[in-house]
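Residue numbering begins at 1 within each chain, and the chains themselves are lettered A, B, C and D in the order written.
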Amino acid sequence: MHTVFQPGTADHGTTREGAATTRVAVAGATGYTGQELLRLLSRHPAVTLTAAMSSGTTASARRLPALARVWNGAITPLSAETLEREADVVFLALPDSAAAELAPKLVAAGVRVVDLSGAFRLRDGAERGRWYPETHDVPASLAYGLTERERDAVRGAALVANPGCYPTAAILALWPLAPHLADVVIDAKSGVSGAGKTPSERTHFSECHGSLSAYGVFSHRHAVEIEQELGVEVTFVPHLLPIDRGILETIYATVRAGVTEADVTAAYHGAYASSRFVRLTGRDLPEIKHVAHTNFCDIGWRLQDRRRQLVIVACIDNLVKGAAGQAVQNFNVAFGLDEDAGLN
Amino acid sequence: MHTVFQPGTADHGTTREGAATTRVAVAGATGYTGQELLRLLSRHPAVTLTAAMSSGTTASARRLPALARVWNGAITPLSAETLEREADVVFLALPDSAAAELAPKLVAAGVRVVDLSGAFRLRDGAERGRWYPETHDVPASLAYGLTERERDAVRGAALVANPGCYPTAAILALWPLAPHLADVVIDAKSGVSGAGKTPSERTHFSECHGSLSAYGVFSHRHAVEIEQELGVEVTFVPHLLPIDRGILETIYATVRAGVTEADVTAAYHGAYASSRFVRLTGRDLPEIKHVAHTNFCDIGWRLQDRRRQLVIVACIDNLVKGAAGQAVQNFNVAFGLDEDAGLN
Amino acid sequence: MHTVFQPGTADHGTTREGAATTRVAVAGATGYTGQELLRLLSRHPAVTLTAAMSSGTTASARRLPALARVWNGAITPLSAETLEREADVVFLALPDSAAAELAPKLVAAGVRVVDLSGAFRLRDGAERGRWYPETHDVPASLAYGLTERERDAVRGAALVANPGCYPTAAILALWPLAPHLADVVIDAKSGVSGAGKTPSERTHFSECHGSLSAYGVFSHRHAVEIEQELGVEVTFVPHLLPIDRGILETIYATVRAGVTEADVTAAYHGAYASSRFVRLTGRDLPEIKHVAHTNFCDIGWRLQDRRRQLVIVACIDNLVKGAAGQAVQNFNVAFGLDEDAGLN
Amino acid sequence: MHTVFQPGTADHGTTREGAATTRVAVAGATGYTGQELLRLLSRHPAVTLTAAMSSGTTASARRLPALARVWNGAITPLSAETLEREADVVFLALPDSAAAELAPKLVAAGVRVVDLSGAFRLRDGAERGRWYPETHDVPASLAYGLTERERDAVRGAALVANPGCYPTAAILALWPLAPHLADVVIDAKSGVSGAGKTPSERTHFSECHGSLSAYGVFSHRHAVEIEQELGVEVTFVPHLLPIDRGILETIYATVRAGVTEADVTAAYHGAYASSRFVRLTGRDLPEIKHVAHTNFCDIGWRLQDRRRQLVIVACIDNLVKGAAGQAVQNFNVAFGLDEDAGLN
């Protein structure tokens, strides 16, 4: 049986001000998401960063010049034993297969896990087997960590499956309105850092610069994740944008008869009244520039009454709210901290 | 009464090989579209470029360093009299209001006109009055110059209204399929050169770089132009992409029951069998990089049978096929030349 | 007579933890530097941000969507009286002429000033009159705020003239070595945000994207500032780089006979042993990416012994270490705070 | 013995107008330089493109969507026999080692070669052995193909070694002035396409975008090539610029006493009076944007008399004048064609 964890019970260090801190480790520290985690956690007031590990063979602090004096620890080889011994919570920024294997072990050893891979995002066994065949053992105490919607689940979960970057923006934009909508089309555009740090022809500078391309039409697993959370089918087409970081999704839907723009506005404000990281911009549509390097999700919308056509625009930074930032936000919720601790 | 022009009747110069050439002038030569026209026309084998004019007060050849040795003529102040005297055909790359005033004069003087402004694109008087109130006098011998669809009309027209950049890609992608489709959504992304050469906060480098934004939702006049040509309402949202040139449009539609991907493919191949500048890429979706600096429109598509959901991706270079290149293509058709003369 | 200020004497508020805070205002809050100041100061633990003013007529919080929930105050019209009444220290991110007029007034009223304009950077009256003719009244208690070199002067100054962005990188890279060097050439490259927020042809997106240009050859006032601080003439050529933020300077010099790479290394380590924000990368040359959005100045170098040719590369973020970050660093020093307060 | 070739003797096809054409092949057709060669040669009026080969295993026309309808031939596996049989001249856009092996074979078989690799650029055996150890057999009839300076040599050579991209701009900027100069520093910045099409960490989009870095300090073989041609030592530092194509070099030198800016101007105009592809911009310094996608080299300069400090700025498109365009220019000269044939 997996324990139901209680928030705030970890107590293994102290902040400068003398408050308790939590021992935190990052597994997969040299990728873009891992580096962002180190950046956020190294300045988090309630965290003692005890280990940063990499599964790569040549990992070393020399490879992270951007983090010199931000985080001065060494990158060490991945070791489940060390993680179990030295961390109360581990952030996994590993490939799906490595996360699928490591997360259950850590949970079984009583270590809480925030997993940034896709290994545990899908609840339906058949779908998971199709899209993440490397996932075999799913801990029972599991939450899907779209923080704004799942605070209670996150609070008590041994394993938090951090949402995908595209799903984060799409679900935040759609779930408050879901009962009002039909015919949902999500046209998503992402910066190239979303494709990770491994070089490829698709992410080669000269192939992306000055260009734009669609990919994964009708075959992207983030579509399945979005549909799981919304309970409706959607059309989802991602695009590779010639920028480093940031996602903008333009979402099209038909509203049920009688729904007005004021209804849409009210639904959003109701859903996010107490959510510090969702900024509702109304008819002023958001831009990637405004959310880059932040944990915000900005959402704007316009409704054309005559045709009942709704257009929503949602923006996040894919490495922050779409990955490392939301992971820290989930950690904060799970450990009873201020939800924005370390995220300002 | 306006004359119906006959192709190939102009005969005022000769090429190096001794063939007849046409006297051509550009009005509005210093903007991005105007410069592209100079670049194309200066190497066109059947053209003698007799004048390049600008309505700006400080216009001079010094302002066009990119064109040194490409085109060595002087930029002169705009003069309708000179145009009438020295040109058989005038390309107008002027603001809407200047084109609205100048085009009818030139046509009345027997000069053929390819107008790259929006002044004469809308046929319906009420719509035109709403979106282009500066247009008062519309010549009778007028063609909407989407070349691939309107060759016959272009051939005999005194005035060719060159299509807008967004409509060019959208209509080429949609008209062959129009009878099969419903619920059309056009998510369009354009490079910043589409906004012209006049500095503004929106097109300031630091506002665009690393960002993406939607604009003109439910209020862009290109939507009206697309709807005019397709005969159906569409949802159209343009975005400002952090690149210089190129448009990619991702188009979503529902196909009528029974329509298969093979039907879509057949419709496209039927429509464009003899169109050199439309490249059909099928299930391999096109990218902006492949059409930049060319007159091609690349179109790819995928159909999800179960949900009858069609996704089409169309790409053009907004300054070439979306403006100057298509204008030259229309000129070629109008004067009985090879359709690709000067465009390779 | 101008007072010599004592650090840490201001005491007009409290932090969450109960410590004293300083009342701080920003004049010129809507430009890129002003926004960066708001971002840094709003999360500074020892600051109470009492006013953010703009001299523009249409200034409003709506114009700063990136700062929503980061700083929720209103942008108000520029008022010297309010600044004198409500602030212990004012950061001026104004045009030179406005700063030249306002700074002496504030100092006379006993308000300390960190001026990010160029108005007070040049000490020599003749040079200042040539490059900054709008500066008439220069407070006596003045420090040139290159923090790493001028901590003592900054501590006691009523007015800190924050260095220019190019000079910050150049002087940090050169002053520890100045006695060893001759024939200094500084090839400087800056992101476009260094040119400010006002649109212009030079900073129009389509003019910069995919391009690079040199400007201000033999006529840039930052060269004069660099020469003032180093005491030698330099050749300085700035370039406009197609990125938003960041400066990289490649510096060429001949070393005196007998100087080795080890000597260079020792000089740097001696100069910056206690400087948290200077990272010495040795033979691994720094990149803009590693300093973007930070207050670091990264410096690397290589010496070719045979020809006594030294190449130094220095990088900063022009809006942080090159402007707002160094201004906050100077504030920290001036008020006896940790030098990195609010800058992590 | 190697034949001394005569221009214009090849005669194996006809243009549309009935003129003789030359049978041309490209070996290494799928890289960026190879694609640019196909683009240029496919529209060259005096060329019949008989083969395009790739040494890669998966080469196919499908991999070159940008060239559909520009060049419709198939990419075939590399075959020396086929090249010897079907081509009068072969352009080699291969890795150094492949070119080092293939070029002598082709020359021995009486096929003329324009080699775009570095294998044959260095004349000194010791230097060549150090920088290009894979080069063993150097044909006697060899020219270094900086066209503007070497027309006579190119005309009679069996093998033209096309210059490197950085050397092209540097030598064009410096050789007319060489007797007047000392202390030459070349600060060179190149778009990422100069690094080729093979993905790597250094050319990964997210590593380059928004950044700038120096590399190859005191260890770049292009420095050796520049020094060979100029006969003086230079300091050369290349940088990786976040653009796709284009090189800008800022060159610093001291002029001999008494040399004026007018002398510099006269030297340039004397050297390039009959060179169509060198544009002298004088005190208006050139920008990459003006030469992108062209075969021009733009050169501007300013001299500070008092310090005898000369600053020169030279720009080229690295894939055109820095590679494929200059190769075609050399071909034109070698075969007695107009020097700009196919390059407008």
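The rule we apply is simple: a residue touches a chain if its C-beta (ideal position, glycine included) is under 8 Å from a C-beta of that chain, and two chains touch if they have at least 3 such contacts.
All figures in this text were calculated on a predicted structure; none of them were measured in a lab.
Participant: By the contact definition above, name the pair with the higher C-beta contact count: A-B or B-D.
Facilitator: A-B
Participant: Just grab the chain with the largest centre-to-centre distance to subunit B, centres being mean Cα coordinates.
Facilitator: So the chain farthest away from subunit B turns out to be C.
Participant: From the C-alpha centre of subunit B to that of subunit D, how far is it in Å?
Facilitator: Once rounded, the distance between the two centres reads 35 Å.
Participant: Distance-wise, how many Å sit between the C-alpha centres of subunit A and subunit B, to the nearest whole number?
Facilitator: 42
Participant: List, in ascending order, every residue of subunit B touching at least 2 other chains.
Facilitator: 207, 209-210, 242-245, 286-287, 289
Participant: So in the complex, the part of subunit B that touches subunit D is made up of which residues?
Facilitator: Result: residues 17, 43, 62, 65-66, 68-70, 209-210, 276, 279, 281, 284, 286-287, 289-291, 293-294, 296, 298, 344 of subunit B touch subunit D.
Participant: For subunit C, which residues count as touching subunit D in their complex?
Facilitator: 183, 185, 187, 189, 191, 207, 209-215, 217-218, 233, 235, 237, 239, 241-246, 248, 250, 252, 285-289, 292, 302, 304, 307, 309, 311, 313
Participant: Residues of subunit B touching subunit C in their complex?
Facilitator: Of all residues in subunit B, those touching subunit C are 32, 191-193, 197, 199-201, 203-210, 242-245.
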